[in-house]
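Reviewing the structure listed below.
Think of it as A, B, C, D, E and F in the order they're written, each chain with its own count starting at 1.
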Amino acid sequence: MKIRAIVPVTTNELEAVALGPLSAAARPDTEISVTSLDTGPASLESRYEDAMAVPDLVEKVVQAEEDGLDAVISDCMGDTGVEAAREKVSIPVIGPAETSMHIAAMLGHKFSVVTVLDRLIPLVDQRAIRTGLTGKLASVRTVKIPVLELDGRDRLLNALVDESVKAVREDGAHVIILGCTDMAGVAKDLEERLKKHGISDVPVIDPTVLALKIAEALTDMGLSHSKRTYPAPPKKEILGY
Amino acid sequence: MKIRAIVPVTTNELEAVALGPLSAAARPDTEISVTSLDTGPASLESRYEDAMAVPDLVEKVVQAEEDGLDAVISDCMGDTGVEAAREKVSIPVIGPAETSMHIAAMLGHKFSVVTVLDRLIPLVDQRAIRTGLTGKLASVRTVKIPVLELDGRDRLLNALVDESVKAVREDGAHVIILGCTDMAGVAKDLEERLKKHGISDVPVIDPTVLALKIAEALTDMGLSHSKRTYPAPPKKEILGY
Amino acid sequence: MKIRAIVPVTTNELEAVALGPLSAAARPDTEISVTSLDTGPASLESRYEDAMAVPDLVEKVVQAEEDGLDAVISDCMGDTGVEAAREKVSIPVIGPAETSMHIAAMLGHKFSVVTVLDRLIPLVDQRAIRTGLTGKLASVRTVKIPVLELDGRDRLLNALVDESVKAVREDGAHVIILGCTDMAGVAKDLEERLKKHGISDVPVIDPTVLALKIAEALTDMGLSHSKRTYPAPPKKEILGY
Amino acid sequence: MKIRAIVPVTTNELEAVALGPLSAAARPDTEISVTSLDTGPASLESRYEDAMAVPDLVEKVVQAEEDGLDAVISDCMGDTGVEAAREKVSIPVIGPAETSMHIAAMLGHKFSVVTVLDRLIPLVDQRAIRTGLTGKLASVRTVKIPVLELDGRDRLLNALVDESVKAVREDGAHVIILGCTDMAGVAKDLEERLKKHGISDVPVIDPTVLALKIAEALTDMGLSHSKRTYPAPPKKEILGY
Amino acid sequence: MKIRAIVPVTTNELEAVALGPLSAAARPDTEISVTSLDTGPASLESRYEDAMAVPDLVEKVVQAEEDGLDAVISDCMGDTGVEAAREKVSIPVIGPAETSMHIAAMLGHKFSVVTVLDRLIPLVDQRAIRTGLTGKLASVRTVKIPVLELDGRDRLLNALVDESVKAVREDGAHVIILGCTDMAGVAKDLEERLKKHGISDVPVIDPTVLALKIAEALTDMGLSHSKRTYPAPPKKEILGY
Amino acid sequence: MKIRAIVPVTTNELEAVALGPLSAAARPDTEISVTSLDTGPASLESRYEDAMAVPDLVEKVVQAEEDGLDAVISDCMGDTGVEAAREKVSIPVIGPAETSMHIAAMLGHKFSVVTVLDRLIPLVDQRAIRTGLTGKLASVRTVKIPVLELDGRDRLLNALVDESVKAVREDGAHVIILGCTDMAGVAKDLEERLKKHGISDVPVIDPTVLALKIAEALTDMGLSHSKRTYPAPPKKEILGY
C-alpha cells in the first residue's frame, strides 16, 4: 500500500526527519512518501501558524488521493487540518496527536505529553478534551526548545529525559508521548535513557511512526473516517484559491 | 467605542444582514462597522470552508486593530478563526457560538441550538465540548435550509418555530440559541411565535447581537483575551501570504 | 437604565465599597444604586450565613423590580440567593461568581479564584461544578484575611499578588478572578503589580464590575433568565415573613 | 439512639405522614421523633420556598443537637438546608435526595427519580450534578400532582406506576427513587404494582426511610460530616434572628 | 439478621482480623460470620490475584445465600467479585470500596484513600471512575507496606498518619478512607493520632465496618441490588468447576 | 509475526468462527492461531461467566508468551481477563471492545455498539466509562439473539441492519461497532445492507479483525502495555490452581 506523510510546513528539510523513521517502520509492502507545503509557515508553534498551513495541507491531501495513495498523515502534533481534509477525501487522514492519545490510553493508566514550548500546553490540553481522554492525561510538559532547534539531539534527549522522569515520578505518567513530530526517531533512545534512571516500565510513543502503523491497519481493513461525520463540502467557489 | 463584525465569507451581501441588527442593538456611543472577506468561500457549511476562510479573517482582524477598533466579532457560529486571530492582536476577538453558550448556561437550565444543516451538528457539539458546557446542551436541531437560502424569512421562521417547540417539549430546552448568524434579526419574532404555541418562558438568543453586547462590556472593562493563552506567534515568514 | 447592587449583608458600610467601582464602571445612561440588608449577617463567610441572608435578599430583589429597576446584582461571590430570587421576579438577577467563571472561561485557557478564607474553597469548587466549568478551574487560593478586614488595601494587595503569582506559575492560571466582591476596585492595581513580577499577560476580573456590565448587556437585549427554569413560586402563605 | 426527622414546612399534618414509615422502619433501639417548622412555607415546590424554610430548619437542627439527638434528617427531597445546618452542629444531618442517589448508584446501573412537578426537574438534575452521579441518572419524571394533593394514594400510585414503567422501559432505569418525601410509605406498593406490569427486578427506594437507616448506620460508627468541609460559622450577630 | 464477611484470600488468619471489628460494630441482633477461601491467592495485591479469587468467592456467596444469610460482604478493597456474585444471588453483596466512596462523598468535600502499595493506585482510581466520583477523589496515597505485613500496627499507624496528614494538607482531603480491609480496626486510632497533628476535623472511614452497617441498613429495608442490572446468568455448564 | 486469538469459552467450534476472518485479514507475514479454553463457560453472556473464564484465559495467555507469540487477543467483547493477563506477560494483550471504541472515536463523531442481549447493555456502558469515551457513545443496541444462535447469519444480519439503521437515524451514530466477536465476518455485509437503506457513509468495525490489526501495529513498533500500570504480580502460591 502507499502512504504519504505531509509535513505541514514549508521547511522541506523536515521531510527527511520524517522519512527516516517512517521508512524504517513501514511494512515491506508499504511505500512511503513524504512531502511538505508550498505555502504556509516554516514551523508550527502557534494556532495562527497552524491555521495558515491548513489550505495547502488540504490541497496536498486531495492531491494524495488523486495520486492513488491509500492513506495520509498530517505529520504534526497539532493534527493540522485533519478535520477539514477528511471532508475533501475518502482515504484515511491520520492525526498523530489524536492517534497517540487513544493508543496511549489503551497501553497504560495515564500518559504525559512532552512537547516543545509552554505556549503549546493549552493546545495539547484541547486535543485531549476533544478526544474525551482528559482523565487519562497525567500532564503536559515541555523541553523548552523551539521546533527548528530540535536537531540538536543531545540537548533534546537530555531535556526529554528530565521531563519524562518528572512526568513519571511527580505526575503519575505510565506512558510518554513525544509531543512534537520533529522529535521523530528518539523514542527508543528515550526508553533506554529512562531505564538508566530506574524507569524501565514506561513505553514511549513516537506519534509519527504510530500514525503510520494505524494508517496501515485501517487500510488493510478498508476502514476510513465516517463520511457521515465528514461529508464532502458543498460545491462552491473558494475565492482566491 | 468602535466594534467591527467580520463576516467570514466572500458573499458581501451578508454584511447588510449583520449590519441591521447590530446597528439597532449598539449603544449610542458604539460605532459599528461590518466587513466580509476578499478570499474564501461564499458561505460556511463545512469544516473545509471554515478553514479556507481563516487566513483572510485573521488579516481582517489585524487590519481592524490597526484601524483602531476596540473589538471585533467573527460573525459566524463556527467562531471562525477566533483562536488564531487572538494570537495576532490584543483587542477582544469574540466568537458568537462560544459567547452564546456561556450566556445561555447562565440564563437557564439547558439550551438548544437550532442551526441550518444536519452536517453541522458535530461542529456544534464540538463547540460545546470545548466550552465545557455539554451538560447544559439539550439538543442541536436543524431547519434543513442552506445558509444562502435563509433570506426567505417566512420559511425560516416556520422551521425555527417547529424545531424550537420540539427542543423545548421533547429535549427539555429552556433557552434557544439561533444556530447561524445569518438568522440575525429573527430572535424577537421567534419569541413571539413561540408564545402562540404556549411557550412564553423561553428566551431566544441572537448570537451576533449578543457578541456585540459582550464586546461592549469587555471593552468598557479594559478586558481582553489572556495573552498567556494566546501569545503572539513567533516572528516567521509565512510563504504565499 | 437602572441597575441595583444588593450587598447581601447588614454591614451597610460595604455599600460604599461597591458603589465606587460600580459608578466608575457604569455607562453614562446607567443609574446605579446600592443597598444592603436589614436582616441577616454582618458578612458572608459560611453556608449558614449565606442561608440567613437569602430571605431579605429576595425581598430586596422583589422591591427592586417594583421600583422599576432593570436588573439587580446579588453582590457577593456566593451568588447569594440568586436562584430563589429569579423565581420571584422577571428582571435579570446576576450572580458575580457564575458570571465571572463563564467570562473567564472565554478569555483564557484556565482561571484561578483568589478568595478570602480556606473554609470557602469547597463553596467556590461547588460553584464551578454547578456551571460545568471545573475543567477550566486551575485552582482556588486564599489570602487568609477575613472579609471585614479587607479594607487594609496594602495587606490585601500584597496577599493577592503572592497568591496570583502562585496561581499562574504553579497552577497554570491564565486568568485571575477576585474571589470576594469586597475586593472591588483592586483589579487594575493587581494587574499592575503582577507586571512587576513579570506577569503581564494575565487579565484580572473584578466580579462586581463584570456583573454590572453583563447586566447592562442583557438589559439592552431584553434578555433575562428563563422562566421555564425559574417559574414563579406557587401562591402560598409563608409563615413568619 | 435518637433520630429526628424535621419536615421543613409549616404544614404539621405532614409530620404524621413521615412518622408512620419511620417508626415502622426504625430499629427497636431507635427512638424516632418528627417535627416541622414554625416559620416558612406550607410546602416546598420551588427554590424560593426552599430558601424560606432554611432559617427555621437550621434552628430546629441546632435544637435537636441540644436535645441530645444523635442524628437529624431534613425530610424533603430538596435536602433543604442540610449544608447550612451541618456547619452549626456536629451530629449527622442527612439529606434524603443525596443519600438516595448514592445508594441507588450502588444498587443498579442507572436510576430514575419520579417527583411531583415538572418545575422541580432542574432541581433534581442539580442535586445529581452536585453528587457527581449524573452518569447514573436515567431520567427525572413527574406525576404532575402538587405536594399537598399527594394524600390521594390511588391517584398517586397510578401515576407512579405509569411513570416508573416508562422510566424502566424507555429511559433504562434499573432503580426507582421516590422523588418526594411526602410519597413516604408507597415504595413497597409500587414494587408490587410494577411486578404486575412484568417488572419484578427493579428496587424502589423510599428516601425518608433510607435516610433513617443511613443515619442509624453513621451513628453506630461514630461518623458524621467532615468539619473540615462544614466548619462552624464565625461568631457574628445575625440581625433579625 | 445474619451477615457474613467473606475474606477473598486463602490466608484464613485474616478471618480473625475482620471478625474483631465486625463483631464490635454489629448491632445486637446481627449475627456475624467470617469465612475465607479454599482456592485462590494468599493475599490480593494485583489484578491477577483478584481474578483468581473470584471463582471461589462467588461459590462462597452462593453458599451464604443457601445458608440463609441476609447479606454478604466481599471483604477486600478490590470489591472482589461483587458484580459476578450479584448475578448469582438475590441478597445484597456489598463492596467496601464502592460503599466507602459513596458515603465519603456524602460526608465531605473530597476524600483520599490510603492504600498499601503504589501498584494499587490505578485500581483505586478505576474504582472511583466506576462510581462516578472521580471529582471527589483528592488523592490515592500508599503506606508502602505489603498486606501480609500489616499486622505491625505501630509501623502501620505511623505510615497512615504520615500519609493522611499529607492527604489533608497537600491534596485537600476532608475525609480519609482506609485503603485496605486488613487495616480494619485502626480508624479511631488514626483519628486520635491526627488530632495530635492538629487535624481534628477529618473523619476516617473503616470500609469493612461501614460495609457491615450498610448491609444492615439495606437488609432492614428489604433492598438489594437491582436484578435488572444483575440478572441471573443463563443456565449453562461451567467446565472444570 | 505470530498472533494468537484466545476465545475465552469452552465451545471450541467458535475457534473456526474467529479463524476465518482473522486469516483473511492477517498480513502475509503474520501467523494466526486460535485457541479456546479447557475450563470455563460455553459462552459469555454474564459477568459471572466472564469471571469463570478468566483463570484459564490467563493461563492460555501465559502459555502463548512461552510459545513465543508476539501478541494475543482475548477474543470477546467483554475484553475478558485482559487486565489480569497483562500483569502476567510482557507481550500485548488486546481487548477488542476497548480497541474498537478508541478507533471508532477516531473515525467518527459518535459510535453505537450493537450487541446480543439487553443484559449486556450495562457491561458495554461500563467498558465505555472505563475508556473515558462515554461522550462518544451514541447508544448500545441489541439484536436479542443469544451468542450460541448467532450462526444463523440471515437472522443475524437482518437484526443487525434493523438496529444499525435505528442507531444511525435515531441515536446519531456515525460508526457502528459489532458488539459480539462471534459476529465476526459480517461487517462488510452489514455495510452493504446499510447502503440499500440509504446509509452509505457509516463504517462498521469488526472488533476481532481490528484487534488483530492493532496487535500487528503494536508488535511492529515494539510497543506493549505499560508495566508500570500492569506490574508482575507478587510471587505467591495460588491454592487450587
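Basically, a residue touches a chain if its C-beta (ideal position, glycine included) is under 8 Å from a C-beta of that chain, and two chains touch if they have at least 3 such contacts.
Keep in mind the model is a prediction, meaning the values are calculated, not measured.
Listed by label, the chains touching subunit C and subunit D alike are B, E.
Touch-path distance (fewest steps) from subunit C to subunit F is 2. Homomeric contact subunit B/subunit C: same residue numbering on both sides for over half of the interface positions. Summarising the inter-chain layout, the chain whose CA centre lies farthest from the centre of subunit F is C. Inter-chain spacing, taken between the CA centroids of subunit A and subunit B, is 31 Å. Between the CA-based centres of subunit C and subunit E the separation comes to 43 Å, rounded to the whole angstrom. Work out the mean CA point of subunit A and of subunit F, and you get 27 Å between them.
Residue positions of subunit D with contacts to 2 or more other chains are 109, 122, 129, 134-135, 174, 229-231. Contact between chains, per the stated criterion, is found for A-B, A-C, A-E, A-F, B-C, B-D, B-F, C-D, C-E, D-E, D-F, E-F. Across the complex, subunit D is touched by residues 25, 27-29, 98-99, 102-103, 105-109, 131-136, 168, 174-175, 188, 199-203, 205-206, 209-210, 213-214, 216-218, 220-231 of subunit E.
Per the touch definition, subunit A reaches subunit B in the complex via residues 10, 37-43, 45-52, 54-56, 58, 81, 83-88, 119, 122, 126, 129-130, 146, 229-231, 233-234, 236-241.
For subunit D in complex with subunit F, the residues that touch the partner chain are 109, 135, 172, 174.
Only residues 121-122, 125, 129, 134 of subunit D touch subunit B when the two sit together in their complex.
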